[in-house]
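Below are structures written as structure tokens.
You will see chain A twice below: alongside chain B first, and alongside chain C after that.
Our next item is the complex of A and B:
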């Protein structure tokens, strides 16, 4: 059963207004995103082109190094140093950062915060920067691409070429954006800005009960506790979406996308009747804006996407 | 489990956790239990209880908590943090507790299977780049077909600097050191005491299966 809340949006309009509409920004490449769902990276680039945002990349950028840290598979010093190093690249260009993975986004922000709030961690970053002949002062702001899209939603709405009329879409927000309560543009428990994006694209948002439930994959529990906790949790989450009649789900993080998309065959084996394609919010926007479907690389998905989108072509 | 000694309970443990610089806020806990109420892991595992874990750290029995399997269950979704009136960073507490446990070999099995990703990243500065040629070809074909570089390749300069950081902070040695510690089994479980949701029906029921 889907629910509708007669509750006003809790979006922080002041924060939204303060978001930049950059003409140029540094695109932070996600490992999981570029490997598992190349269409996400492509979509970000296609939308940026339409919004006249120049994306600057650097092959010197490495993995954000947050994921394996949060899996306790490395010592924390490496991740702190790698964060300082990665952020020193856009900082030296005078650019802010846009990430399209909640992991990259949150680790960059949290580790940057730790570097500047804890003298021991600051010393680690400092030592690394000196050894590499780099400088990092922490002047760089980190944004998630979804914020940049939402900031210019009116413009996106005016550019829609494929209105998604009648498509029942549901959001998976991804925890590691919203938990940054000092900057996130929406409420932790009751966010609605993604649903506003759906409406702008002509689609019908579906509020399913487990909308704010996590993907279960964030610190490697898919490797360590898959049968014990991750799959039972996903069964509840995806089962609730299926029951609400969700036709398509979007994520804002390639890691979440892997969990929600690739685990569906296992969920079906457990008896959960679920077959919901899961794509990135940037892929959805790029599709609505008329990007040729081949460029969205939906063949990377385990749960087929075309059956629900081909009627809009 | 062997009988607990008075010496198991001390503030040393809490201080050690605070000194990691990751979780120095847990004293603020007022045991309201919101963390347990919103925890998706608690919903599917009857013995897992974030409020109780915070309590254990504050009371200071490291032996019990480090030998528990519970601290390895957290998904890191941060629902607890997002709803905590005292803004306790419970996910970072889990990170700190897991590091602490590893030093005694407890929970090693949960990290050792991930070490290879860290070791591989030493070579290419990318996490999760597949090694199987067939999968790599697949990715190359997909990425090339949409006009992206065939693979995410970090520049030689980037790789070299990244390796330098590994060497500087002894990451590969750290892995070797943890691997050399004998594995301590994580056998302890707290008492189950939860309403569980039935996966199939979505109805709540009392868990009756588990008894120690």
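Our next item is the complex of A and C:
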């Protein structure tokens, strides 16, 4: 793969500089994330501790409803009400929001935008807020932890305790963060900021040909509920990764993590020779920063992680 | 014929500016061409194979330069930028900067012929421009046409509308000339390598020039360039070549092919900061940064931008060589009428 990291980087450095380094932020919990891979949520908290970021949660928070919107499982207006309600919580605390799921991030942002730009949708949200006795004015910024971590990459680099020397990692960026072209810090088609994170942690980034292929979660586990429809596509993607000698993959979305991790036994049955553990970027960073293994909850992964990472312990 | 003794400033010594200067000088005007590069000729001096008759742009430019030299009333100022422009009573004050030295001069009329620049291909991360050596732009093809045709290629893929007709990267307009020069480039490549597979991937084919449609047809039917309607999704390296992933939307079939050369027809983009000078003298710039002419019913000459200010060429919108020449002459006619009329007691 003839790529060099110093060739045109499309990272928007101005946008990166404008990202906050908050001392306190509201952590939006992802249901898919915390149920499927509890280690992701724990890793986010461990990294925040090391970066002196106070994370505030609320048991009052509900699912972002993005997944159910994709599955057409409910009246879509419910998503507007849920978004207004969820965001009214950090708004009442005067806090911005950090999500660790691409889906939560994209849906919170898009639904917030729809509420404020479409009078009909605004009316739906208003009605729901009144019925609940709450207020939502839209003064909340939504971030994803991947950009907040990248913003403080130098600090993270200085705290690395387990340098990942020689580890060949491939980044799966997914779709729902980069597609927000008005705020995403990198290019949708050829992003490189996560590879820069890998280098800061001492690892070797791998650019395999199907790096930007979608994980297929929304199709397979979303609106068709037939994972087999996505398997031929995943076979091409994961086959390409295996061919390139990828040892580990990271994601920024629990949906992507489920799709890429949990389908591997089915792929092997199809004849694809793949056995690549897939973890969240926060788990990788937390690991490199010396977080105790049991907090990373690798036992939740279908494709075993420790065989690849234990040599760095 | 009485021409007021006022100088005319032509900003830009490309094909449009040179044509304007020649027509002005032939009518007796005193003309100053301010050209920011070290020589006249703009972009066209590098194009040796203009559609549809495959004439030589550099020869055309040389001819214009030779004619300019015969006029003592044309002053050419090279390596000179117009750093400021002001409307004053009786005309304009322009600050011409050369080698850091600025000089302000009076002019009776101004023609903007500042041309264009090219869309930055690296913005399309999926095509690998600037990353993979086999990916070049259409302009680079033009400027190095002999070297490109010498390359031992077995396959080439042209991608049109790169940077144009694409709101997500910021340029909503059609860059007008790319369909024609892509057809020309594909033909030339096939002539140099008759056994190579040459593909042009398109959203549309806009051949609305004299002999344009026939030209594109001949590329398909005589040179057998394969035109595929579809947008290339991705270009990536594989097996020491480049793989192009695309969809043939007329057949409804996605496909992949291995190729040696990918040519991106990048859009012509306006020189925003230079064009913005028109607003200092009553002119307007559109949302894309191109110079706007006055509405037709408000002006006596179609090239009029504001009182005493005219435009010619790609600074107002992408156009081909012939159109640039047309506009250069039209702008000159506008200035001549303006100076004569404004000089009447």
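Observations
The definition used in the following text is that the second predicted complex is superposed on the first by the 297 of 313 C-alpha atoms of A that agree within 3 Å, B and C clash if a C-alpha of one lies under 4 Å from a C-alpha of the other, contacts with A are read in each partner's own complex, and residues count from 1 in each chain.
In the analysis below, a residue touches a chain if its C-beta (ideal position, glycine included) is under 8 Å from a C-beta of that chain, and two chains touch if they have at least 3 such contacts.
Owing to the predicted nature of the structure, the values given are computational and were not obtained by experimental measurement.
Of the two partners chain B and chain C, more residues of chain A are touched by B.
After overlaying the two complexes on the shared chain, residue contacts for A:31 are found with chain B alone; chain C is out of touch. Once the two complexes are laid over each other on the shared chain, residue contacts for A:8 go to chain C alone; chain B is not touched.
By the touch criterion defined above, A:22 lies against neither chain B nor chain C after alignment on the C-alpha atoms of chain A.
Legend: residue contacts after superposition of the two complexes on their common chain; A:190 is shown touching chain C, with no touch to chain B. In the superposition on chain A, A:67 makes contact with chain B only, not with chain C.
Legend: residue contacts after superposition of the two complexes on their common chain; A:121 is shown touching chain B, with no touch to chain C. Applying the stated touch rule to the two superposed structures, the overlap between the chain B and chain C interfaces on chain A comprises residues 181, 188-189, 212. Taken in their complex, chain C has these residues touching chain A: 122-126, 128, 130-132, 168, 234, 236-238, 243. Listing the residues of chain A that touch chain B in their complex gives 29, 31-32, 34-36, 38-39, 41-42, 58-63, 65, 67-78, 81-82, 85, 114, 118, 120-121, 124, 127-128, 131-132, 175-176, 178-179, 181, 188-189, 212-214, 216-221, 223-225, 228-230, 232-233, 235-236, 239-240, 270-272, 294-297, 299-300.
Within the complex formed with chain A, the chain B residues making contact are 21-22, 40-41, 43-45, 72-79, 81-83, 91, 95, 98-99, 102, 110-111, 113-115, 117-118, 121, 125-130, 139, 142-143, 145-148, 152-155, 157-159, 161-162, 164-166, 168-171, 174-175, 197, 199-200, 202. Remark: chain A residues 1-4, 7-8, 10, 181, 187-191, 209, 212 touch chain C in the complex.
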